[in-house]
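One chain, chain A, appears in both complexes that follow, with chain B as partner in the first and chain C in the second.
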Partner chain A sequence: MATRETSLKKSSPALFQQVQGVLRTQEGVLLIITIISVLILATQTDKFLTVKNLLNQGRLMTEIGLIALPMTFIIITGGIDLSVGSIVGLSAIMLGYSWHNLGFPLEVAIAIALGIGALAGAINGLIITRFRVPPLIATLATLAFYRGLAEGIAQARSVTGYPAWFFDLGQRETLGIPNQLYFLVIGIVISAILLSRTTFGRSLYAIGNNELAARFSGIPVNRNKVLIYAFSGFMSGFAGYVLVSRVSTTRSDMGSGWELDAIAAVVLGGTSITGGTGSILGTTIGLVLIQLLKNGLALSGVTGDATIVVIGSVLILSTLINIVVQRRLRGV
Partner chain B sequence: MASVTQTVSMRRPRSQVSSVLRTIFGSQESVLLVVLVLLIAYVGHSNSGFLATRNMVNVFAGYAYIAIAALGMTMVIVTGNIDISVGSLMVTLSMLSGALVTYKGYPSWLPLDAIIGISWLLPIVIGALIGAIIGFFVTYLRIPAIVVTLGFLSILKGVLIMVSQGERITGMPTGYALAQRRPLQGLDFPIFEDFFRMLTMPVFFMVFLMIVVALWMRYSPTGRAMYAVGGNAEAARLSGISEHRIVMTAFILNGVFVGIAAVLNATQFSVIQVTLPPIELQIITATVVGGVSILGGTGTVVGAVLAAILLNTITKALVFLDISPFWTRAIQGLMILVTVLADLIRRQRQAE
Partner chain C sequence: MRKFVVLTLVLSFILAPLAALPAVAQEEEKRWDGADDLPVNPLPCGDEPAPEPEPKEYDGGQPVNPPDLAGKEITLVDVPKLIGIGYFAATTKGQQEAAEELGNVKVTTDAPTEANIDEQITFIDNYITRGVDGILFAANDPVAITPVLKKALEQGIRVVGYDANSLPEGREWFVNQAEFNGIAKALLDSLAAEKGEDAKFGIVTSTFTTPNQARWIAEMWAYAKECHPDMVWLETLEAQEDYNLSFEQANTLIDKYGDELDGLFGMTSVATPAAADAVTQAGLCGEVAVVGLATPNAMKPFVNSGCVKSVVLWNPVDLGYAAVYVMRQVVDGNFKPGDTEVEAGRLGKLKVVNGSEVLLGPPFIYTAENINDFDF
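Take a look at the complex of A and B:
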């Protein structure tokens, strides 16, 4: 309900009010930060603002992006999923293992990888809802468990030698645009519609704002939670497939630490870590900002390690700005 | 009504046995202790090499630095917060300690002992300082702890790799190797003489700090207030507890314990290098498996230390059971799940 009111406010015709409205949202603040960053970075090096470079960055951010979308859903409900990076690794290993060791056709192996991802996510959801384990703990445990399964199954052996068609998704372009980027865009559109235009999406905000109230108003809280964690697992599995297709090999340490990158994109995008607010648009801008910062700084001659310092600082600062803006708003 | 009395009367005959069981499994600490003893007995039975003195010392000393860091993590989690930057902080402080002791630019009148002292103490001070900064962001600027420490994880990791350039530190003076010292060497013991003589410094730090922190959290006003803040922040505020001061204290002490753990970690081997295994996960795992509720308000440091030892025992046991070490993490993860589930089910029973 609250968001519907804001969207009504946004449609108010006066340009000044519109500008003010944009500034009041985290997405707006973030968009301005992004534009300023792009302008500054573009003056530092002429290799940055080229179509080729930007498309390549799109290719590189797809995997984290695919994970950040369901992560937005989960954080909006007040949960968190720390196991996504491990699911990426487990799915990647299962893809290689079921093709190379179990002798399944590669198409089936891909399906198995996606299925394992969804299953792993559903197990997270069941542990969280059935046994009422806090999501942070449940997914911390499965982070270790799923990564452990990946390591145990792989026994430190990597699988390579995939047929040429397998690399279509990760390494080729259609109409000049990297193939996986289409999937990211489709994912963004579907997630955005799901979150803001469906009863299911609205129920996630309700759960995040007041879970007990949501339960009493007849929202199938447990079912919806299991669904979003399963979705998170599925997308992590898909990200694993995209990754294997891009780098041509499977290793058990794939996706390590990705949970933090995905959470950073979501939180940077204005989704409150305590639940109840957030949007896919915000997550998308957060994702783009992180990738452009990484790339732009690297091209400007800043080493990769300084880049993560900048990203960490941006994460804290943008949350701080958001909190200050929110407090101002409440004060006014 | 009839059915209620019936269930009660049916339960009664079992209560003798179940009360004994309840005392044993009544707390997470005793469950962990029982599991630990059974595990050591089982592995020792299958392969007596496991019970060799050298190996048993490794079992108790190997994760001592994780256990010490878990002491601080316990405080942070008890107040209802979390710190996921501890792994990066610990490695950073380890490298700092090594850099301080191998630094060549000290004035020549400064004795070696003073240099070693600086390299042991300064990382702890810096740890406290960073804890204070994190605490300031969490309390006064009201940014959720997970966001602040996620940011600090990135910042510290970046600074660390930039400054160290991936190089390793060697050539520390022998006096520096605090964690390799054996304080009981040469003393006589009626039983397990070799074991006690071989025990290294980290074990003593672990036991001593655990006792101090356990007593402090149980009996001091500030320690009690930590539970109060984590259990019910509003009630704590109304009873005159300064939430800001308590949460600040928890984060600063967390930094201190990470600093101590870092120094013990740095002095353990003759090489210090940037390795970033997810230490923060092992620390949080030990804390949570030890029975500290992530929702805040409950848990003790004794459980956290026992859990750290148990995690290490499992890792070491796999080698002696001829299980591929690649399965270690899967088994550790499964164990975390089982402990957490058992803990929750037990609490629900107790609530009924």
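Take a look at the complex of A and C:
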């Protein structure tokens, strides 16, 4: 074992250092924690580490994942969006309402739902940038407002009876992989490229590090902020569509509490809540870690109430480990 | 200028839907239709006997190639709406009693700590992956839970519901604690007895779409129209299944309607004690009657103090007990589609209604005379 390692070191020192470098990043540490958790859980039950179960988990985490991506952008700028769960509910209701009550074709109703999501997000952005309301307060207000709107429009009715093709996205699979998982993967790739390979993405870090400096360097701070909140609303709307397709009904209480699940995935993934640092890779690992923990614990026979306690502890522990490791590496 | 445009845009987005709301609101009568487009079926007024229900063909789902476990030990999982509330603790107790009596059933209760549709689905999904012989459930949403239950049936897992139904194709049988029209009748008759035929009342419920509560309210609407036409329906408020919120909503009704208010209905096992608490704290015992569904332990202080006269419920311990017995009979092949009754241990024979439902019995009314005999 030792000789192989040395030979590897000798033959390609660059590669080895690269691997070592990756493992030293926040994401690397988190990845190691994830792998260790998976291995431990796999010893507890043989039902956990199967392709079928893992793909099924992918199906279940897609909605939160779609929301966590733009949430990463927003938190990197030092903002937060608490209204995402309510936008999920509002979009879901608008989908059902415009199809069932207003008589639009279902395809148009889906477009309306996504549009309403984006609009609701843009409104968040406008309130935050134009009226200088702190994001926490602005989106706390719209959290209540959008949910109230959803309940008012729904008028206590859930919409059901969608045609069979509508369930393709949420309940069926292509080439053995749940359909919605493709969209999550595409979303992850696009978001990752957007964040790390474009000037737009770099501007988000700049805003998070020092907004004033960003403004003086000519970054269109307000425009970019409105864009990411609108993107967040759009993805919440899309998550609402995916959820309706998965559970085959529309309710006004859909998505309640999801903002916290999405934020948990983002901050576990190493994005600083004060802004300036973070990555889509980290968010993705955070998302997967939480989902696999929930699932693995349930499959090993841990009951629901104990599971949330364990998850809470793991969140704190992995954040602590990461802080300690990063400090050591920086030699502070 | 630009700021003005943006402000107008934001305001119009906020105000437009509000202006549209009255147009959206359906006429009241249509609103309380149970949120499921099912017909209402009010019972006759007073003491007239209910007509015999029309026989209906079996409409439940069937598992695909279930293993033959007749007489063998089976492992069941019970996924109620949520855990940590007295009501489902009582159904769990009944299930354990049945399991102990039968000796060849192992049942564990596991569910989310909040009544949440997607979490409940995830719980069931995980148990399907883990592999159990049967699933008992109480649905948070009848439609949303059905796909995952069908998945269980497709894998040969037996499925029996209790307390809150799914669509019929999602389970083999549903143990119905009390027919909706029976509960509606018991509630309204109790209020009429206490406050007279012209009582004005408000309702605190969970949500307008929660299966049981929405149906009860729909049946109450229909029964009140037939048998208590002079009663005035003031307002119905949602309060999830949350004690503090229910308390607040009960206070809202008390403050809003003042002297007008004669009675409050609590539609959930937390809304009723919360409403009774609100009435007690407002010093309105006797002025405002509280009638509702609740577990006896939560209501004992209010019933014993005389603030609440009648609590309507079935016995949830019996409900859980019956669910496990029905499951055992299904697995053993003693209870098949088309049967009209099923043997359920100490409860005797239970009747089949509505095609694929097992009826626990008429609702039970707890009063000051009997409530102290119960402990759950």
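Structural remarks
Rule of thumb we're sticking to: the second predicted complex is superposed on the first by the 302 of 332 C-alpha atoms of A that agree within 3 Å, B and C clash if a C-alpha of one lies under 4 Å from a C-alpha of the other, contacts with A are read in each partner's own complex, and residues count from 1 in each chain.
Following the convention adopted for this analysis, contacts are C-beta pairs under 8 Å (C-beta built on N, C-alpha and C of every residue); 3 or more make two chains touch, one makes a residue touch a chain.
This structure is a prediction, so every number in the text was calculated from the model and none was measured.
In this overlay on chain A, chain B clashes with chain C.
Touch criterion met: A:323 reaches chain B, while chain C stays clear of it. In the overlay built on the shared chain, the residue A:305 is in contact with chain B and with chain C.
When the shared chain is aligned, no partner comes close enough to touch A:43: not chain B, not chain C. By the touch criterion defined above, A:217 reaches neither chain B nor chain C.
In the superposition on chain A, A:160 contacts chain C only, with no contact to chain B. Contact with chain B, but none with chain C, is seen for A:273 once the two complexes are overlaid on the shared chain. By the touch criterion stated above, A:127 is placed in contact with chain B and with chain C alike.
With both structures placed on the common chain, the touch criterion links A:146 to chain B but leaves chain C unconnected.
Of the two partner chains placed around the shared chain by superposition, chain C is the only one that A:248 touches, whereas chain B remains out of contact. The intersection of chain A residues touching chain B with those touching chain C, taken from the two complexes, comprises 127, 145, 149, 151-152, 154-156, 252, 303, 305, 308. On the side of chain C, the complex with chain A involves touching residues 3, 6-7, 9-10, 13-14, 17-18, 21, 24-26, 31, 35, 83-84, 108, 110-114, 116-118, 121-123, 125-127, 129-131, 141, 143-144, 146-147, 207-209, 214, 238.
Listing the residues of chain A that touch chain B in their complex gives 80, 127, 131-134, 136-138, 140-149, 151-152, 154-156, 252, 260, 263-264, 267, 273-274, 303, 305-313, 315-316, 319-320, 323. Note for the complex: chain B touches chain A at residues 82, 137, 141-144, 146-148, 150-155, 157-162, 281, 284-285, 288, 294-295, 324, 326-334, 336-337, 340-341, 344-345. Of all residues in chain A, only 45, 47, 52-53, 56, 60, 63, 119, 123, 126-127, 130, 145, 149, 151-158, 160, 167, 171, 243, 246-249, 251-254, 256-257, 294-295, 298-299, 301, 303-305, 308 touch chain C in the complex they form.
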